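One chain, chain A, appears in both complexes that follow, with chain B as partner in the first and chain C in the second.
Up next, the complex of A and B:
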């Protein structure tokens, strides 16, 4: 596999120019800040000057003493103070302002990513700075066996394939995989006419019984002592939230040891983009069309992950392919939890075809959905309750997201206001649930035994007597 | 003389308990249940047996019959022997996975405690539920007595799991009359059942096991190429499994009879048919009253016999045609309705079998025992009388509703 590296990313739209990152860097590095927030082209706009840790570093190319070199492991351009002859040619070579003279010591200084845990990112109050670890993920999982056939026939830009391949690379071969009718088997994961599309045991459950079939599989393997198999679904929102919900809810209530991943593209996209219970208000779909008398869906989406949290599952989380690090962390926790109880992972996954998004804008749409709080990233365990894994603070107005998506093209101001109000309401409720940390467990006192009432016959009445009485 | 061999114990129980004992002795790995009248006490017995350690099966109390069959699909594909029971609305709710079971060639056994289906709202016996699903591809066997219920369940596993069959089996018993009716029942010794059934191997053909990775039930068909031909191969396989089952059912009953001393008629039972000029066709628990009525009619000099159907799917066409070939008129008594043909469903099946004969034998449809009604000896006497008149040349009418004026 090729090289890929983690990076500090900057979202200019979220930066308010507070300068906390620079203050923190200066403190940590005991000198001039290696990150610079500078005024942008317009008022209240800011830009970032920081070392990009270039793949083709011009600073290193112009250095006459070999003091600058890219590290093959971390990707960081390292500066060797012993070799440096203080010629400052590098400061002219870099077009990004990524290496500059620190006046306090009269030598160059540059970002070293604090060894993989950059202090500036942690100090940013608005989320404008992020440390993206996708590079590490790529290095870690790039060499793992891919468990699907090459050339799954998903639509261009669809993230389902990404979710499938990543999830199964992580989980490996000791798994049984259900892919209920929808885009995921539709793109060939179960295969056609006797040929399989994956290297693990895979099947189409009915659209309606995924969680139940998995429960039966898991129970039998547990019974015969094969407890290490991951029994899992890669399902869509329709089969999960609508017609298959009874099975999901029943399995969750019984605590069946299943990993249930719902890939939510907000509708029945495989059958031609019909509305589902998770289709958001206002969406155009082929069954909530836009015309003189109808302007898209008139109901709000049901929030399935919150419903699953109410089942007190062993683990519930939301995730987005725009935040792969977060998704990977949650996948790890969900897999682990699935050996103990019901683990539910809800991944929001735009449908470029059905939502009318250019295929190269899907990840942007994912990120914007989170930055506007249209999608919130959180996780739940019975012990911790709901916890945000990305702060919903400083969200952008919903318009920033909606305008990227063609299925909202027709929205009136009134409809937009409705969506914003519902998003705010949803986040407010989540905040209430997340802010209330659970009280410490009570000092353990076993409950009093259920003693039989004095003088009564403690034996159970026989079944036969019960029946004959009826 | 039928010497009873290897009986562990004799009990008095109703048909639901007999079914639970039949399941218990067959040692399923997984039992899934959801209660419904008149099946409920059956699943309570299963739960009790499991709670008491009589059965080592895992009990899955799931949220509805749709999931009952679905969890068992999963368990069976993982290698489990499975059992459940349902009735009427439960069967209707189960229909989606039920429809799929034979196509997956899953050798499951499910008892149907037969009942009339809503609407009109009714929770009592009838066979409308089981008769409505006769074309799905399950094997259907109807029991006449509590003992036959118990014995037929292990026989059903033997048939279902036969490598040339690999099809699901419904062992049906009448709601109310068998489910709650109490009789003396011999419990065979566990060792007898164990050696009768042998080693289970339920997922050699299709499994969900990381040690044998495969795609189970990939998309099949399409407009051309190998798809439709592949689909036809699967469908033909189901049909040939069904036809093979006719012999396997006979063999399994014979084997069971040898081991337990109880010889049940596997496909059809012929009662006083040797010299019969008129025949009734019956199915299920009604047959006892029919036999009494025939005995009485014989005392009056009427040469009447009975063909009782035990195996309704696959339909034993040749056996039935042969058994009925010598009579001059036939009365078929049903406990359900075929709305499309305005007759009983068994009647319509029998007509199809009769077409294999070179002669045309007049036949009439009688429908009785709906919604828990009793089909009495008097009702059968009425049916015999009407069939006698049919033999004498009176025109047939469709159908006679036996309980209409009770």
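Up next, the complex of A and C:
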């Protein structure tokens, strides 16, 4: 695999120019700040000068002393203070102001990402600075075995393929996978000509019975004592929120030990883009057309992850491929929780074909959906309640997201106002639910769980027998 | 006869960058780097720091043997090229060996230009272009008391500073009326000159050397100046500039002017032969005419383009032209310049001496040059503003008042 590295990202729209990052950097580094926020084109706009840790660093190429070099592990351009002769030629190589003279010592100074935990990012009160770890994820998981066939026939730009390949790389071979009707089997996971499209056991349940079938599979594995199998679904929103909902709800209510991943593209996209229960208000779909009288869907989407949280599942989370590090964290916790109870992961997945987004803008749309709070990133456990994993503060107006998406092209101001109001209402409710309060007292729960990841404590034979009788 | 697909003659910045860009596109093609040096690659720019003792000679090497092994490139030291037979596609070395190539890079750099001063061949003098020169000068400094430096360019001034700091009495003789001519205007140069004077270095500016003659049985020499003065030197350093190392190309068919003439993709006039770095005479960004701009940034850029061309990389982009850059340190202070920093005619100049010295040169509301003393700026950012000819009309006031901040802003917007 090629190289990819973590990076300090700057969202100019969130920066209020407070300068905390510079103060912190100067304190931590005992010298000039290596990050510089400068006034932008308008009064409230700010711009950034910082080392971008270039892939082909010109500063290092023009260095006559060999004092600058890119670290193959971290991607940081390291500066060797002993070798450096202070000639400043590196400052001529950099087009970003990323390596500059620190007047206090008359030597160059540059960002070293604080060894992977940048102080400036932690000090940023608005979220304008983020340390994005997608590079590490890529490096860590890029070399792992891809459990899908090459050449899945997803639409150009579809991020469901990303979700499928990444999730299965993380989960590994010890899994049984259900892919009910939808884009995911449609693009080839169930295979062709008698062969599966995966390197794990995969099956194609009905839209209506995915969770029930998985419950049976899990119970069988419990019965034979296999505790290391992830029993899971990669399902669409239709099969989860609509026709499959009774099975999902029932399995969650019974606490079946399943990892249920819902890839939500807001409609029945593989069959011709019909509306579903998660299709947002105002969306064009083939069954909520836009014409003289109709202007897209007239009902609001149901918030399925909140419904699942109301089931008091062992774990519920929302995620977006625009925030892979967050998605990976949640996958970890969801996998773990799926050995103890129902784990539900809801991944928002913009559909370039059905939503009419240019194929190269899908990840941008993912990020913008989160930055406008159209999508909120949070997780729930019965013990901790709801917790935002990305702050909904400082959100951009919903128009910034909607204008990227073709299925909203027709929206009137009134409709936009409605969407904004619904987003605000949703966030307000989540905030109430996420508000800091003492954790709920330990509830009386039915005796827990039984399967556990390989290697964990297994001294509960009687409980397992009980489950296997069920 | 050794036979390689890519033969790189020279081992400094241009050749190293060509190696990198060839390997970017062609990981397998056989390659060799032949160099006159005995050492692994190093930069001529590091040499003053070897003279001062700040850099140890074995710690200035830019690549190690493992690098060449990892890049499947044979590194051949002690191999001075003496001839090129473009028809036979072979390069002859001083040891009699010949190397055949499919594609050749000429990156032999430059050699000290020795001025036609009467008697120069009769005295012992130093130059500073190779690691051996630097070590020779460093050991000579130890046993000398009076040094005379011919030339007040970068090499001369660096060495003069080193020798003055080491306790020698130092005189610098320069034909031009100011030090570092071309890079700085008179006001900037005067600040640099004042620093040298304050550190006891005697500057003889606007002064020609008529003759040198050996004294004391060859252990020292007398330097006769045009104005009749005579300087005594037990160490003479000739630093009157460099000339491209093209002697070995005589009769090869490669067209030479002051250096090797190249087109905008660094090809010479002979098929399958490229040139890059100090040896090449490529386009000057400002004039659009061939010029020698012997600095690392141009060597790197030319090396990259040449390497791409040699490997057949389709993403080859034409050389935009070289821009002079100078980042100079003197007695701990900072002097920087880029572009037409000393230009006077037909340009708009803004000077500021509130805090250090800076001189902005604009033309048609676009930056064309920038120099400063004691007031560091982002040379690379200003270089981009010059190269991209960014229209500064809308931000001109803030750019002139706060060029560093405004430059960072413009580049941040550019690279969002």
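Keep in mind that, in the parts below, the second predicted complex is superposed on the first by the 433 of 470 C-alpha atoms of A that agree within 3 Å, B and C clash if a C-alpha of one lies under 4 Å from a C-alpha of the other, contacts with A are read in each partner's own complex, and residues count from 1 in each chain.
Just so it is clear, contacts are C-beta pairs under 8 Å (C-beta built on N, C-alpha and C of every residue); 3 or more make two chains touch, one makes a residue touch a chain.
As the structure is a prediction and not an experimental result, all values here were calculated from the model.
By the touch criterion defined above, A:91 reaches chain C but does not reach chain B. When the two complexes are overlaid on their common chain A, residue A:66 makes contact with chain C while staying clear of chain B. In the superposed model, A:429 makes contact with neither chain B nor chain C. Once chain A of one complex is fitted onto chain A of the other, the partner contacts of A:101 are limited to chain C, with no touch recorded for chain B. In the superposition on chain A, A:310 makes contact with neither chain B nor chain C. In the superposition on chain A, A:12 contacts chain C only, with no contact to chain B. More residues of chain A are in touch with B than with the other of chain B and chain C. Taken together, the chain B residues at the contact with chain A in this complex read 14, 29-30, 32, 41, 44-45, 48, 58, 60-64, 66-67, 70-80, 96-97, 100, 180, 207-210, 212-222, 225-227, 230.
Of all residues in chain A, those touching chain B in their complex are 173-176, 185, 190-206, 208-209, 212-221, 223-224, 229, 246-247, 249-250, 253-254, 463, 467. Touching chain A in their complex are the following residues of chain C: 13, 17, 43-46, 49, 54-55, 59-62, 296-297, 300, 325, 327, 329, 332-334, 336, 338, 376, 378-381, 383-384, 404-409, 411-413, 415-416.
Residue ranges on chain A touching chain C, taken from their complex, read 12, 36, 38-41, 47-49, 52, 58-59, 61-62, 64-66, 82-83, 85-89, 91-97, 100-101, 103, 106.
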